[in-house]
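Each of the two complexes below includes chain A, the first together with chain B, the second together with chain C.
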Partner chain A sequence: MSQIKILRSLSNINGKNDLGNNYIFWFFFFLLLLLGLFSPLILSRYQLLNLSNHITNIFLGLSLCLIWGYCGILSLGQSLFLGLGGYTYGIVGINLIETHGNTHVALLMGIIVPIFTAFVLGYLMFFARLKGVYVAILMLVVSLLFETFLNQTAGPGWFVGEAHLGGNNGLGRFSGVIREPPSLIFSFRENTIEFVGSSIQFYYLCFGLALITFLALRLLVNSSFGYKMIAIREDIDRTEALGHNIKLIQLIIFCVGAGLASMSGILYVSWGNFITPDTFGVYNNILPVIWVAVAGRKSLTAALLGSFFISWISQWLNEQGDYALVALGAILLSSMLFAPEGVIVKITQKFSVKLSKQ
Partner chain B sequence: MHSLSSFVGLIYQYADTVSFLILSAIGLIIIFGMMGVINLAHGEMMMVGAYTTSFAYYSGIPLIISVILGGLVTSVFGILLERLIIRRFYGQLLSSLVATWGLSLLLSQGALLAFGPQIKTVPTPMGSFSVGELSFSNYRVFLFIFSIFLIIGVWSIFNWTRFGLQARATMENPKMAKALGVNTHRIYALTFGLGAGLAGIAGGLFALTATIGPFYGQSYTPQAFITVVVGGIANIFSGLIASAFSLAAVKTAFVFQYNILIGHVSMLIIAIISIRMMPEGISQWLEQRKS
Partner chain C sequence: MESYILEIKNLSCFFGGVKAIDNVDFSVKSNELRCIIGPNGAGKSTLFKIILGTVKPKSGSVLFYGKDIKKNPTYKRVRSGIGVKFQNISIYNDLTVEHNIRVSLPDYINQNDIKSEGQKILNRLGLQVKLSDRAGSLSHGHKQWLSIGMALAMEPKLLLLDEPTAGMGSEETILTAELVKSLNSEGVTILVIEHDMAFVRELKAPITVLHLGKILAEGTLKDIEKNSNVRNAYLGNN
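Right after this comes the complex of A and B.
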C-alpha cells in the first residue's frame, strides 16, 4: 500500500507543471546527465572551474523561478539571500575551521540565516497583504542597503570574531588579511573530504546537488502544494476564497526560495574563497531575473537551462568587451517584448504544436 | 549661539531631506499612481535630465534654461519609451517592473559606453549664508521651496486643466473614460511624459550638487521607492507630502544622532513598519479618515 503511494508520488516527477513530460524530454535529460557526468574527463582544469561556477548559479535561478514563476512572488533582490548565505558561511567558516577542521556548522548557519531573514521579511510583507510590486521593490531596497552597509566595513573595527568584513574588498584574500573563507570540508569519523573550487570533487558536488534539487523541485511543483502555489499565481483572491491559507503558503515558499539561493552563495564562496558586497548590488540582482525571465519563468527546466547557459554567455560577453551588460539589458527587454513567457517556453510550445499536428 | 546654529542646521538638514525625497519621487509616483507601473528606469530618466543639463550648460546656455531643457528632453524621451515599450505592459505589473529594469540596465550601461564613467559637473549656484560657525548653501534652501512649488504646480495641472481632468478620469476608470471620448492612449503617453519630465528636472537640479555619471540616478531611486511605497497612491499628492515629510523627520533625527547609514536603515525600518500597519500607504489611511 505504502509502496504504491510512494510510487504514485514519485510519478509526479513527470507531472505537467513543468516543461517536458514526454520521452523526448527524458532523452535529452539523460543525454545532458551523461554529458555532465563525463565532462571532467574531457575538459581542462580551467574549463571545469568555470563549469562549476555556472552550475552554482543554477540554485539562484531555480529559487527565483520557484517563487516568481510558480507562486507569483517577484523578488528583485533574490541575490540578498545568496549574499547572506555566502557571508554567513564565510564568517562562521573562518572562525571555526581551525577548531573543528570541517565546515558543517558554517554550512548549516549559511542556510539558516538567509531562511530566517526570509521568514522575518516574508512575515512582515505577506501577512500585511502587501502588493506584489511593493514586495519586489522592497526586496531590492533591502539588498541594496546590505551593499551600502558592507561597503563601509573596511575599517579595522569591523571584525566578526577572526573574520574581517573588509569593505568593498569583501571577505577573502583581497582585503589583505590572511584568513579567507574555507572551501567546503566534510568529515565523518576519521575521513575528511575537501571540495576545493577547481577540483573534480567540487564539480561533482555541484552537479549532484543541482540534479537532486531539480528533481526534488519537480516533485514539489507537481504535488498538491505545488498546485496551491500555482493557484496563488493565477488568482490569489480566488485561492483564498477556496479556503487556502495563502499567506502561509507564500511565506513557506519564500523561505524555500531563500534556502535555495543561499546554497548558491555557499557554493560560490566555497568555489572562489571570497565574496564581495557587489553580491548585494543591482547587477547581481538583475542577473537571476534575466536568466529566469528570458528562458521562461513558469518552467523549472527552462530556468535551469537559462541560469546555466545565460551566465555562460554573459561570461563570454564579458571577455569580448565592455558591452556585456548593455547586451544583457537588450536581451532582457527584447525577450520581455517578443517572448513574454520566455524563449525556451516559446520554442518548445511551437515544437509541440508541430508534433501534435503531424 | 552655538545651539542656535545647530538648531538651524537641523532644520536645514530636514528641509534638504524633504526636498530630496519629493524631487526624486514625484515623477515616479505620478507614473505609478496613474498607470500602476513602477518605472525602474526612473534613475535613468534622472540621468538623462542631468546629462542634458550639463551638456546644455557647457554649450553656453544659461543654467535655468539648461535645467528646463533637461526636463523637456527627458519628457520627450519618456513619451517615446511609453509609445515603444511601456504601453505593452499595462495591466501586467510584475512584467512591467522587469521590462523597465532591463531598460534601466540598457540605458545606464549605454551611457557608460557612450560618455564614459563621468561627465563634467555643473557648479552649485547661488552661494551660501552662515549662521554662527556653520555655513549653508542657498541653493538647497531654494530646492526646498522649489519642491513645494513643484507639488502645487503639478497639483494644479491635475485639478485645473483639461488634461488633468481627463487624466484623473482615466486613473479612476479607464474604460468609462474611453467610452466618454477620452483618448486614453494619449493621456497615458502624456502622463508618462510628465512623470519622466519631472524626473528629468529633478535630475537636472541635483546635477548641480553632485558628480554626474551613468549610475548617477541610481543613488536616488531606493529612497524614492521607499517614499512611494510609504505614501501609497490613493491620493498621490497627500501621499507624497505626508510620506516625504515623515520619512525625512525620521532620517534627519537618526543621521543627526548617529550616521548616514543608520539614517538609511531607519528609513527602511520605518517603511516596513508603516506598510505593516498601512499596506496601502499613508494616503489611503488619510482618505479613510476623511470619509
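Right after this comes the complex of A and C.
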C-alpha cells in the first residue's frame, strides 16, 4: 500500500505545474541527460571547467524561479545567499581543512548560514506583510550592504580565524595570502574524494546535484504545497481567506530558495577556490533575474535551461568585449516585448499547439 | 438560551475620521440565513472584513461559537469554520477550475481524491464546467458560483457572501437564491450582503439594515419596507 502511495507521489514529477509532461519532453530530457553524462568524454579540460561553472549557476536560477515564479516573491538580492554560502563555506573551510581533512562542516555551515539569514529576513518581511517591490528593494539593499562591508575588509585586521577577508580582492589567492578556500572534500572512513574545479568528479557532482534538485523541485511544485504556492502568487489575500497560513508558506519557500542559492555559492567557491564581494553586487543580483525572466519564470524547466544557456551566452559576450550587460539588456528587453511569459515557455506553447492540431 | 454562532458586541471601526462601524451589536443564530443591506458606505463589507480578521476593529469583540476570536489570524478563523466569498469575484483567473478548488479543499483531503471532491463541489453548485477549464474563461455568473464553491469546499459553519449576485442576470440571480437557500437547508449558517432587492426578496430571509456604520433596522422584508428610517436612508428625507 505504502509503495503505491510512493509511486503515486512520484508521478507528481510529471505534474502540470511545470512545462513538459509528455513523452516529447521526457525524450529531450533523457537526450540531455545522456549528453550531460558523456560530455566529459568529448570535451577538453577547459571546456569542462566552463561547463561545470555554468551548471553551478543553475541552483541560483532555480532558487529565484521557485520564490518568484512560483510564489510571487521577487528578490533582487538573491545573490546575497549565494555570496553568504560561498563566504561561509570558504571561511570555515580555510579554518578547518587542516585539522579535519574534509569540508563537511564547511558545507553544512555554508548551507545553514544563508538559510538562517533568509529565515530572519523573511520573518521580518513576511510577518510585516511586506510584498512586491518592497521585498525586491530590501533584498537588494541588504545584498549591497554586504558588498560594501566586505569591500573595506582589505586591512590586516580582517581575519576570521585564519581566513583573511581580503577586501575587494575577496577570499582566496587574489588577496595575496596563501590560504585559499578548499575545494569540496568528502571523506568516509579511509576514503577521501576531492572535487577540484577542473576535475571530472566535480563536473559529475554538479551535474548530479542539478539533476536531483530539478526533479525534487518538480515534485515540490506539483505537491499540494506547490499548488498553494502558486495560489499565493496569483492572489495572496484570497489564499489567506481560504485558510492557508501564507506567511509560513512564504517563509518556508524563501528559506528553501536561500538553501538552493547557497549551493551555487558553495559549488562556485569549490570550483574556483575564491570569492569576491562582487558576488553581492548589482550585476550578480540582476543576472539571475534575466536568466529566469527571459526563459520563463513560471517554469522550472525554463529557468534551468535559461540559467545554463544565458550564463553561457553572457560569458561568451564577456569574452567578446565590454558590452555583455548591454547585450543581455537587449535580450531581456526584446524577450519582455515579444514573449513576456518567457522565450522557452512561448516556444513550447507554440510547439504544443502545433502538435495538438495534427 | 438560544445558541449563537456569531455574536458581535460594541464593535467600532474608524478609518481616519470616518466611522465605518459605530458601536454595533449583532448576533446570528445557528442555521440562520440573514441578509445585510444598506446604502453604499454603510459598513457592510467592513463588517465582513472584521469578522474575517483582515480589518482590525478599534474596539468591541467578535465571538464565534462563544469564543472571542480577536487574536486569531485570518487563516485560523477560516479553518475554524468561517468561509467567505468576497465582493469582487476572487477566483484565480489564470489557473484551472481544478486548481481553484484544489487550494480551497482542506488539507486532510487525500491528493488522489481531489478530482472526485472537485467534481462533487461542481455538482453541488450545478456548475456545468470542466475541471480542466481555465477559471478566467468562465462566464461571469459561473465565476461567482465557483467563488461560492471555493468558500464551500472548506465546509464552513458560517458562510459570508458579499454580493453573490453582482453583475448577474435575473435568471442567474434566481438560481443563486435557490443555491443559497439549499445550502442553508443543509445546515450552513449564511450571512449575505446584497444590493439586489430582487435577490433579497427571493431569499425570504430576515434582514438587517446598516446605515453609516449603525444598525438602522432589523426584521422581515415587509417590516423593512414599511420602515420610514430605511426609506429616508435610501431615498433621502425629501
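Just so we're on the same page, the second predicted complex is superposed on the first by the 358 of 358 C-alpha atoms of A that agree within 3 Å, B and C clash if a C-alpha of one lies under 4 Å from a C-alpha of the other, contacts with A are read in each partner's own complex, and residues count from 1 in each chain.
Quick note on the criterion: a residue touches a chain if its C-beta (ideal position, glycine included) is under 8 Å from a C-beta of that chain, and two chains touch if they have at least 3 such contacts.
Here the structure is a predicted model, which is why all the values come from computation and not from measurement.
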Chain B versus chain C, judged by how many residues of chain A each one touches: B
Partner chain in contact with A:313 - chain B first, chain C second, else both or neither: neither
Which of chain B and chain C A:112 touches, first, second, both or neither: neither
Touching partner for A:200 - first (chain B), second (chain C), both, neither: neither
First (chain B), second (chain C), both or neither touched by A:239: second
Which superposed partner A:339 touches (first chain B, second chain C, both, neither): neither
Chain B versus chain C as contact partner of A:8, first or second or both or neither: second
First (chain B), second (chain C), both or neither touched by A:219: neither
Chain B versus chain C as contact partner of A:231, first or second or both or neither: second
Touching both chain C and chain B, counted on chain A across the two superposed complexes: none
Chain B - residues contacting chain A, complex: 36, 38, 40, 85, 88-89, 92-95, 97-99, 101-107, 109-110, 112-113, 218, 222, 225-226, 229, 261, 264-265, 268, 271-272, 275-277, 279
Residue ranges of chain A touching chain C (in the complex, touch as defined): 8-9, 16, 223-224, 227-228, 230-231, 234-235, 237-246
In the complex with chain B, residue positions of chain A that touch it: 68, 72, 74, 76, 124-125, 127-134, 136-138, 140-142, 144-145, 148-149, 152, 282-283, 286, 289-290, 293, 322-323, 325-326, 328-330, 332-333, 336-337, 340
Touch list for chain C against partner chain A, complex: 52, 54, 73-75, 78-79, 84, 86, 90-96, 99, 102-104, 106-107, 111-112, 150, 154
